[in-house]
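After this come two complexes, each holding subunit A, first together with subunit B and then together with subunit C.
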Partner chain A sequence: MPRVISKNHIPNLLIHLKKSHDVFAPMEKEGEVVFGNVEDPTKVLLNYKTTLLPPKIYFLPPEEELFKVTNGRVQEEQLNNKFVVFGLSRKDLEAIVYLDQIMNKKPADTFYLNRRRAVTLIGVSEEEVGVPPGGDLILEKISDRYYRTLALTKKGKKIADLEFFEEKEINHKAKSHEATSKLDQILLDSELIARAIEWSRENYRQIWEHLGRVCLGCGICTYVCPLCYCTSTEDKTSFDQTVCSRCRKWDACTLPGFAKIAGGHNFRPTQAARYFNWFYHKFVRAYKEFGRAQCVACHRCQRYCPAGIDIEKVLEEIINAFQKAEPERKF
Partner chain B sequence: MENLLQPKKVKIIKLQEMSANVKLFRLAPVGWKFPADRDGLIFTPGQFFLVGRWGVGEAPFGGASSPFEKGSIEIGVRKAGNVTAALHQLARGDEMTIRGPYGNGYPLDFFKGKDVVMVTGGCGIPPIATLIEYIIARRELFGRVYLLYGALTPDDLLFEERYKHWEKHIKVILTVDKPTPDWKGHIGLVSELTREIKIDPVNTATAMCGPGPMAAALENILRPLGIADRRIFVSEERKMSCGIGKCQHCTTGDKYVCTDGPVFYYDQVQSNWD
Partner chain C sequence: MVSGVEPKPKLAIFDFTDCEGCEVALVSLREKLLDLAGEIEIVNWRLAQRRADEGPYDVVLIEGTPITQEEIDTLKFLREQTKILVGLGSCATLAGIPGIIDKESRGFWYKKIYGEKYKPRGIDALPLTAYVKVNYLIHGCPVEKKEVVRVMEELLAGKAPKPRGYSVCFECKLAGNPCRLLAKKICLGPITQGGCGAICISGGSPCYGCFGLRDSAQIDNLLHTLYKFSDSPEVEQYFSMFLKKTPEYARLFKRPRVKNGKT
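After this line comes the complex of A and B, so read on.
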């Protein structure tokens, strides 16, 4: 018999989790849905489109202090609290699993992995989950009142064993998966995208030149992307020089100085080159490194781009041009 | 698990001005030792370290001393940016940090039994200097060995004391663009020196480190000499920041300079556009 939780019990579950963990979940703030520290569990959103910033903010924070040196004594960043991120969408879970793969690839990133070990991920899906993308526990809506549990790890099972859950046969089924977006469909063929982007560098330059003019070089697309992970490291020193922090911050390959080296040479001097590199990393370098495009079609970059660039349309245009120029040879 | 971003403490035990804007730092570990591999090397020539100082930051430097030296390591620091300018302020006895070595280094086993041509310019010499020290320590394993080294002026040719020692073991050919009245070496681009050397092209390995234009000029000379691209090894320069293939600052085409390089086959990088 499936283990379920009634919608009314979810706030109680969150109150319980808050006793031993920091709990973060999606909530509304100034007209946007954002992840935040749960104070009032009734304000937590279960059914929402996407958050503004992706949940990577909890594992690869916008700024984190990697090391603190006080009078010559070096201290590595310590995580004090175990925490829960609740209400993750399937796409965000999918992105976290991919980010785990990236950060686990040797040489691995200790700071990311430490944060990942400290967290419990709870997904919520208003539709049928199908193959669970990842996380510790997923709550799948099967009726107006009930969510079915899919416990994927020991941590998830422990939560699903709590008294807020019950064994219950429900005759309803989860709502079937709604039609996916065009971008979802394009992403089914990572190899084709990789070939098309690689081809476009020399053979369809006009699109990159155009995008280089349109792109404002603000970096927003990379900050809202659940799978962008460029960083820079910077030292800060207290006025009396006794305390130094080595901080790692989000960076963006679309920003002008990203590939600049000491002495002033810039390996990507134009916005067109930088914007191309953003695509090249996501769809070609990533494909060669991990076998899959680094995009989960969350559409955040499109929604928040102040210049209105829609990567779905860009990919579609390049792939169409590529297929027209290089029709598949059939044997 | 070892935290690869955690640097270790070193102390400056020797500091030497090599030219107007390059200083040679000799750094010794404080409270730890450089681990050596089975061959007794603490790094492979061509590998780099992230060296810096708390409160200043880190920058990538190729090891410049003999990789067999276990007690300390040398790096050449050209004053070019914020970190290097701050490091130039330091004095003997000051503390710094180091982590690494990172990257692949030159493929030493491939070089063995072959003629070796090393080509570099200006401050691209440190990784080549290390390779030379390795070759001299194992001289019997290599055929004819040449160093072709060019710089703007005679003052910009670094490691003068060392190439006087190297000359006893390998052929050193120097060139400058702007000679001084007492200059006795060659004048002109390093790429023109290839006429001076006698090699067996099918049994030669070439190591290069230096600015892009030199590599491009060499393409027109090493190739006509019959040296295949896969016998030419180039050390690439980018802004290596994390050193572990994550931060994306050092990418070129589909490669990470920090983990796939910094030494590449020539054909791996010649088609790269960034």
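After this line comes the complex of A and C, so read on.
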């Protein structure tokens, strides 16, 4: 018999988890859905499209102090508490699994991994999960009232064993998976995307020149991306010079300082070159390094680009142009 | 500039035409200001202390911008008196609010307010950089306390403080604000240097760019987006709030730039 939790019990589960953990979950803020510290569990959203910022904010914080040097002694920042991120979508879980793979690659990012070890990830899906993408526990909606548990780790199992869950036969099934987007379909062939983007650099430059005139260079696409992970490093020194701390902050390859080096030379002096790099890393370098594009089609960059750039359309156009230009190739 | 047996660096704070709000921001650093005062000697600060030593100084912070010849002379004199000159707040760094008004409309208001007999002394407000070399600009209307602390920390550590290389959008996204541009409302956030914490947008106001233009700001691209839902006069109003005395404003809105107020 499946182990289930009634919708009414979810706030009680969150209250229970809050006794021993900080609990973060999606909530509404001025019409946007954002992850935040749960104070009132009834405010937690179970059914939402996407959060503004992805859950990477909890493992790769936008600004973070890595270590301090006090009078010559190095002291790494300690994580105080174990925490829970609740209500993760399938896409976000998928992105976290990929980001884990990236951050685990040697030399591993220990700061990221420390935070990942401290967290318990609980996904919530309003539709059929299919192959669980990752996380510790997923709650899959199977009827108006009940969510079925999919415990993927010991941590997840421990939560599913709590008294808020029960063994119950439910005659309903999860809603079948919503039709996938065009972007999802494009992403099925990472190799084709990689080849097309690589080809476009010299052979379809007009699109990059056009995007260079549209992109605001604000960095939002990278901030909202669950798989962008580039940071820059900043050292701070206290007024009295006794404490020096090394901090890192999200950076964005669409910003002008990203490829600037000592002496002021910039490897990517134009917005077009910078915007191309964003695609090149996601779809070409990522493919060469990890065998697949660094995109899970969460649609955040499409939704939040203030200039209205839609990567789905950009990819589609480039792939079409590539296939037209190189018809003899078999894909 | 490392303290120790060496004497503490001497800091002086002066102001020209402005609202003094940035100095109030300095005062409201509170404990941080005391920490800072432990490492440097504040030898002249009209607003906050009696002590008013003459130069030379190590660091001079200047709030506001000159609008009379006398003030310009004082600014040039202070430049000679200090190793490092820092502009404090948007009036000093961009000409700010005093920079909005130009000679023509000033003439109109002089007559209206003071009568025909009034002999005007004021000139167009320009940023400090129009008159002297400025080593660092702390933008903001008012300045953000964290940025003041950062610049002072870096100066004390012997570093050259750098402008923020990211846009207001970074901190705006972190604040969880709905994007104004997506709601078809004018916002200069994408071309404006970050560091302000997106305080205006979080409070429901647009970004008028008081932190100055970011390096390689994509102004034309932003205009392309803005003109989808607004027109040039409306956009110009937003740019004229803090950016009126920038070369970019002159280029975009085709107004000849007034030099030193002597036209």
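Here is the rule we go by: the second predicted complex is superposed on the first by the 327 of 331 C-alpha atoms of A that agree within 3 Å, B and C clash if a C-alpha of one lies under 4 Å from a C-alpha of the other, contacts with A are read in each partner's own complex, and residues count from 1 in each chain.
As a working rule, a residue touches a chain if its C-beta (ideal position, glycine included) is under 8 Å from a C-beta of that chain, and two chains touch if they have at least 3 such contacts.
None of the values given here were measured: they were computed from a predicted structure.
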item	value
Clash or fit, subunit B versus subunit C on superposed subunit A	fit
First, second, both or neither for A:Tyr304, with subunit B first and subunit C second	second
Per-residue contact with subunit A, leading partner among subunit C and subunit B	B
First, second, both or neither for A:Gln271, with subunit B first and subunit C second	second
Which of subunit B and subunit C A:Ala259 touches, first, second, both or neither	first
Partner chain in contact with A:Glu32 - subunit B first, subunit C second, else both or neither	second
Following superposition on chain A: angle at subunit A, subunit B versus subunit C, Cα, nearest 10°	70
Which superposed partner A:Cys230 touches (first subunit B, second subunit C, both, neither)	first
Which superposed partner A:Leu53 touches (first subunit B, second subunit C, both, neither)	second
Which superposed partner A:Pro327 touches (first subunit B, second subunit C, both, neither)	neither
Partner chain in contact with A:Gln241 - subunit B first, subunit C second, else both or neither	both
Minimum C-alpha spacing, chains overlaid - subunit B and subunit C, in Å	6
Doubly contacted residues of subunit A, that is, touched by subunit B and again by subunit C	236-237, 241, 251
In the complex with subunit B, residue positions of subunit A that touch it	66-67, 69, 72, 74, 76, 102-103, 105, 107-111, 113, 201, 229-237, 241, 244, 246, 251, 253, 258-263, 267-268, 273, 277, 281, 284-285, 288-289
Contact set on subunit A toward subunit C in their complex	29-32, 34, 36, 52-53, 62, 213-220, 223-224, 236-241, 250-252, 255-257, 271, 304, 306-308
Residue ranges of subunit C in contact with subunit A within the complex	2-3, 35-36, 38-39, 150, 152-154, 156-157, 159, 165-167, 169-170, 173-174, 176-179, 181-182, 187, 189-191, 214-218, 220-222, 224-225
Complex contact set, residues of subunit B against subunit A	1-6, 54-59, 78, 80-84, 95, 237-239, 241-249, 251-254, 259, 273-274
